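Each of the next two complexes has chain A plus one more chain, namely chain B in the first and chain C in the second.
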Partner chain A sequence: MSLELKGVTKRVGAETHIHPTDLTLEHGVFNILLGTTGSGKTTLMQLMAGLERPTEGEVWFDGADVTGMAVQKRNVSMVHQQFINYPNMSVYENIASPLRVARLSKGEITARVERMADLMKLTPMLGRRPVELSGGQQQRCAMARALVKDASLVLLDEPLANLDFKLREELRDELPRLFADRRCVVVYATTEPVEALLFAGNTATLHEGHVAQFGPTGEVYRRPRTITSAQVFSEPPMNTAPIVKEGDTFRLYDGTEWPASAAGATLADGEYVFGIRPHHVTLTPTGAHPVAIEGMVLVSELSGSETVIHFRHRAETWVSQSHGIHAVPVGEVAGLHMDVAQGLYFDRSGERIGF
Partner chain B sequence: MNKTVNQKAWFFVLPVLLLVAFNAFIPLMTVVNYSVQETFGDNTFFWAGVIWFQDVLHSERFHAALGRQLTFTFTILAIEIPLGVAIALCMPRRGIWVPVCLVTMALPLLIPWNVVGAIWNIFALPDIGLLGRTLNGLGFDYNFTRQPGDAWFTLIAMDVWHWTSLVVLLAYAGLVSIPDAFYQAARIDGASSWAIFRYIQLPKMKRVLTIAVLLRFMDSFNIYTEPSVLTGGGPGNSTTLLSIDLVKVALGQFDLGPAAAMSLIYFLIILAMSWLFYTLMMRNEDQ
Partner chain C sequence: MKRLTPLVPALYIVFMLLPIYWLLNMSFKTTNEILGDFTLWPREFTFENYITIFTDPTWYMGYVNSLIYVSLNTVISVTVALPAAYAFSRYRFLGDKHLFFWLLTNRMAPAAVFALPFFQLYSAVNLFDTHLAVALAHTLFNIPLAVWILEGFMSGVPKQLDETAYVDGYSFPRFFIRIFLPTIAAGIGVACFFCFMFSWVELLLAKTLTAVEAKPIAATMTRTASASGYELGLLAAAGTLTIVPGAFVIYFVRNYIAKGFALGRV
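Then we have the complex of A and B:
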């Protein structure tokens, strides 16, 4: 079972919302659409669902062209970022609604709703109406509605974004379990790289209506094809700077040098762009080739058990992320260490150079 | 904790107290004062107890006016609410036609009430009015100044023309506040347009529709200017609504006591029915 987009494009007036896109999404794994707000995740999902018609290109499902097919004939279900439930129906009726439309027998409906309610821990709330539930319960009800009919394509559009931290963690753990014994293509849109890494599966990095890269999540993370793909998959944003390779040394724009043997000895001499993720710029040296740099601290904040420091590095603002809690005074010069073995090298057009 | 005790806060409450006093409480009490007294002029008053209330409640004339009032109000509610919702459903949600539709809809609401009455009076005149002449030209025996049925038809048409827009605007505001995701979810479920209306649009419009019903109820129950200009309560007493009758009693006959008692009963009916509407429509509603 697979969903294929073949050259799918969406234009509205003079604006291009989705540039020509080819994607093949398989069942059995989470397919993650990763990108910032406005990168085209929702539009792409609407095209996959059939809620929008592509301006050009075709959508194939399971070997059949479904481009012009109405959404209600496609056996799709979708969970939105907002909690979408029928306001004046009880939780039971909400979950049962897709089954009623599908004209299942009363006994069958009751059995399936009860099983789904049990799975979603909604059994005590079946008689209540959505407004009487907490946010997390409302979203679980919406998910139950989406999952109760055995859809072959399940689209989850940032379903956890509007939930508070604790509930998000909880549902994040539950989600893969819900799909474990289902045969359906699952697409999950998120703005958070952490979520993509948690669900593994395959990830498509989206930027301004382009799919920058698609592949197994770990692969996309470790070996981004372009600087854009790496940026989308980095939170806080990746640090980038011009770099020059000469003989067997790399020289950063501020003069910091390190031996090319640490990374790309085979690279031709010339100018490149060096990228390093914040958690590879740390207060204490890590990795095989730590290189010291200095910067004036602009912001120092704690994020959980991490210390995030924004510092001025020549004309650029860089971000560093270190384990543990460190007191770093703002306005002073701090010594930091880059683990250059984890650095990424891009040519001047933004393509990553693999070595 | 050191708390500074002073009475300054009262000064902040004072303006609203004064406003409510002069706006509502004092005029109401004046009416209450008249309603329990009898006067023979010369500004001399005698205690009358509750006889005016008894008189009004047992008066055939009051019953007839109340009956006409209820007929009028429920007729226009039965037309304006569904019609307003239907028009709101037909209006575009986005694009250049939105402001055009909204302004067109708002126009009747901007016209002074007595002007509305005058417009319709001339419009419906059987000899020179566009509506009256056309109807007669088509073979209908239409004359709103002589036939009660025609007077009622004109009165209701005028109110529908004047006030349906209010319902449209409120219902439209309710409709545009529904996120697109609801419609998408319904399409994915394969819901029919009737189901979308019944289970998404109507419940989401419930609050604004409650307001619309309340406003239209109160306004139509109080209506005076437009029918007074259009028919003046006639022919005969056939369109004499409560407020028109009240003015006849208070200013025509100068019966201050009975008029005051009638005003209070009138006021209590509106209050009780508004409360009833609100409670009925908001039951099962939380918050």
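Then we have the complex of A and C:
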């Protein structure tokens, strides 16, 4: 079972919302669409569902062209970021509604709704209206409605984004289990790199309507093909800086040097772009090749058990993320260390240099 | 000073209710008493005026006629406005904003402007002096109003609700009737109320387009004198009864109207 986008393009008026996209999404794993707000995740999902028709290109499902097929006939289900339920129906009726539309027998409907309510911990709320539920319960109800029918394509559009922290963690754990014994293509849109890494599966990094890269999540994270793909998959944003290779050394714009590693040695001399994720710029040296760098602290904040420091280095602003809680006074110069072995090198057009 | 504070709204309410009280007061008096001394309450309390209205068909048929065309108008206006409002709230099309504004401008023309063409037109197609004639004439200003109110309520419903329903397998008509209409029930209530009110109080078109068969109560009331001279008590009673349906409808939709205000429409 697979969903295939073949050269799918979406234009509205003069604007291109989705540039020509080729994607093959398989069942059995989470297919993650990762990108910031406005990168085209929702539009892409609407195209996959059949809510929107592509301006160009074709959508194939399970080896059949479904481009022109109405969404009602496609056996799709969808969960939105906003908690969308039918306000005039009880929770029970909400969950039962796709089954009623599909004209299942009464007994079958009752059995399925009860099983789903049990799974989603909604059994005590079945008689209530959606507005009487908490946010988390409303989203559970929406998910129950999406999962109660055996859809072959399940689209989850940032389903956890509007939930509070604790509920999000809880549902995040539950989600993969809900799909464990289902045969369907699951697409999950998110803005958070952490979420993508957590669900593993395959990830497509999206930027301004382009799919920057698609592949196994770990692979996309570790070996981004372009700067764009790396930036989409980095939170806080990846540090980038111009760099020059000369002989067997790399030299940063401020003159900091480090030896080009074995693979880097084959690289032609010239100008490149160096990228390093914030958690590889730390207060204490880590990794095989720590390189010292100094900067004036602009902002120092705690994020859980991490210390995030924004610092000025020459004209550039860098971000560092260190384990543990460190008191770093703002305005003072701090000594930091780049683990250059974890650095990424891009040519000037933004393509990563493969080594 | 503080003890006087409640007096302010009290005075205001007394001031507002005074004419209504006076109408009520008169309706229980005889015409002689009204024309004679100044009395704060009826000296000779009488139901005679009300009895006349409820027994004389020339009087009570006025109410029946009014209610018929007002109801007919409300049903037509809201039924037609629903799909129009849906289109305005959900789709972007060429000139949609201009069209929406143009609809509203229909309310700006005085009814007198349309009285003559309507009279001519309805006479030509044999609709003159029918309930349908008045109901149709009133849609001229009620449909734009209903579209405007409903569009506000519909835009408050996220588009994702529509999408969820289609994904769940609902066809458009089924979604519209089973899910969308109940969701905006408050808006429909408010739209109905305003259509009812405007049609109920409109006199000029109603009077112009009717003669006998569909004569509205407001037209009946304008005949101040009859064979027995001035009938002020009777008129007061008729006036009192005219207020009743409006008050009744307001009572039922008061919560919805508050919601309508909250949504920035109405």
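In this section, the second predicted complex is superposed on the first by the 353 of 355 C-alpha atoms of A that agree within 3 Å, B and C clash if a C-alpha of one lies under 4 Å from a C-alpha of the other, contacts with A are read in each partner's own complex, and residues count from 1 in each chain.
The criterion applied here is as follows: contacts are C-beta pairs under 8 Å (C-beta built on N, C-alpha and C of every residue); 3 or more make two chains touch, one makes a residue touch a chain.
Note that this is a predicted model, so its numbers are computed, not measured.
Based on the superposed arrangement around chain A, label chain B with chain C as either clash or fit.
In the arrangement built by aligning on chain A, the partners chain C and chain B clash.
Output check: A:Q46 vs chain B and chain C. Expected answer is one of first, second, both, neither. What do you get?
In the superposed model, A:Q46 contacts both chain B and chain C.
What is the contact status of A:E132 with respect to chain B (first) and chain C (second): first, second, both, or neither?
Only chain B is touched by A:E132; chain C is not.
After superposing on chain A, which stretch of chain B overlaps chain C: 7-15, 25-33 or 43-51?
Stretch flagged for C-alpha clashes with chain C: 25-33.
Between chain B and chain C, which residues of chain A are contacted by each of them?
The answer is residues 46, 49, 51, 71-72, 76-78, 80, 82, 84, 86-89, 97-98, 101-102, 145 of chain A.
For a test of understanding, state which residues of chain C touch chain A in their complex under the given definition.
Residues of chain C touching chain A: 158, 160-161, 163-171, 174, 179, 182-183, 185.
For chain B, which residues are in contact with chain A within the complex?
179, 181-182, 184-185, 187-191, 199-200, 203-204, 286-287
List the residues on chain A that touch chain C in their complex, please.
Against chain C, chain A makes touches at 46, 49, 51, 71-72, 76-78, 80, 82, 84, 86-89, 97-98, 101-102, 142, 145, 149.
What part of chain A is in contact with chain B in the complex they form?
46, 49, 51, 71-72, 76-78, 80-82, 84, 86-89, 97-98, 101-102, 131-132, 145
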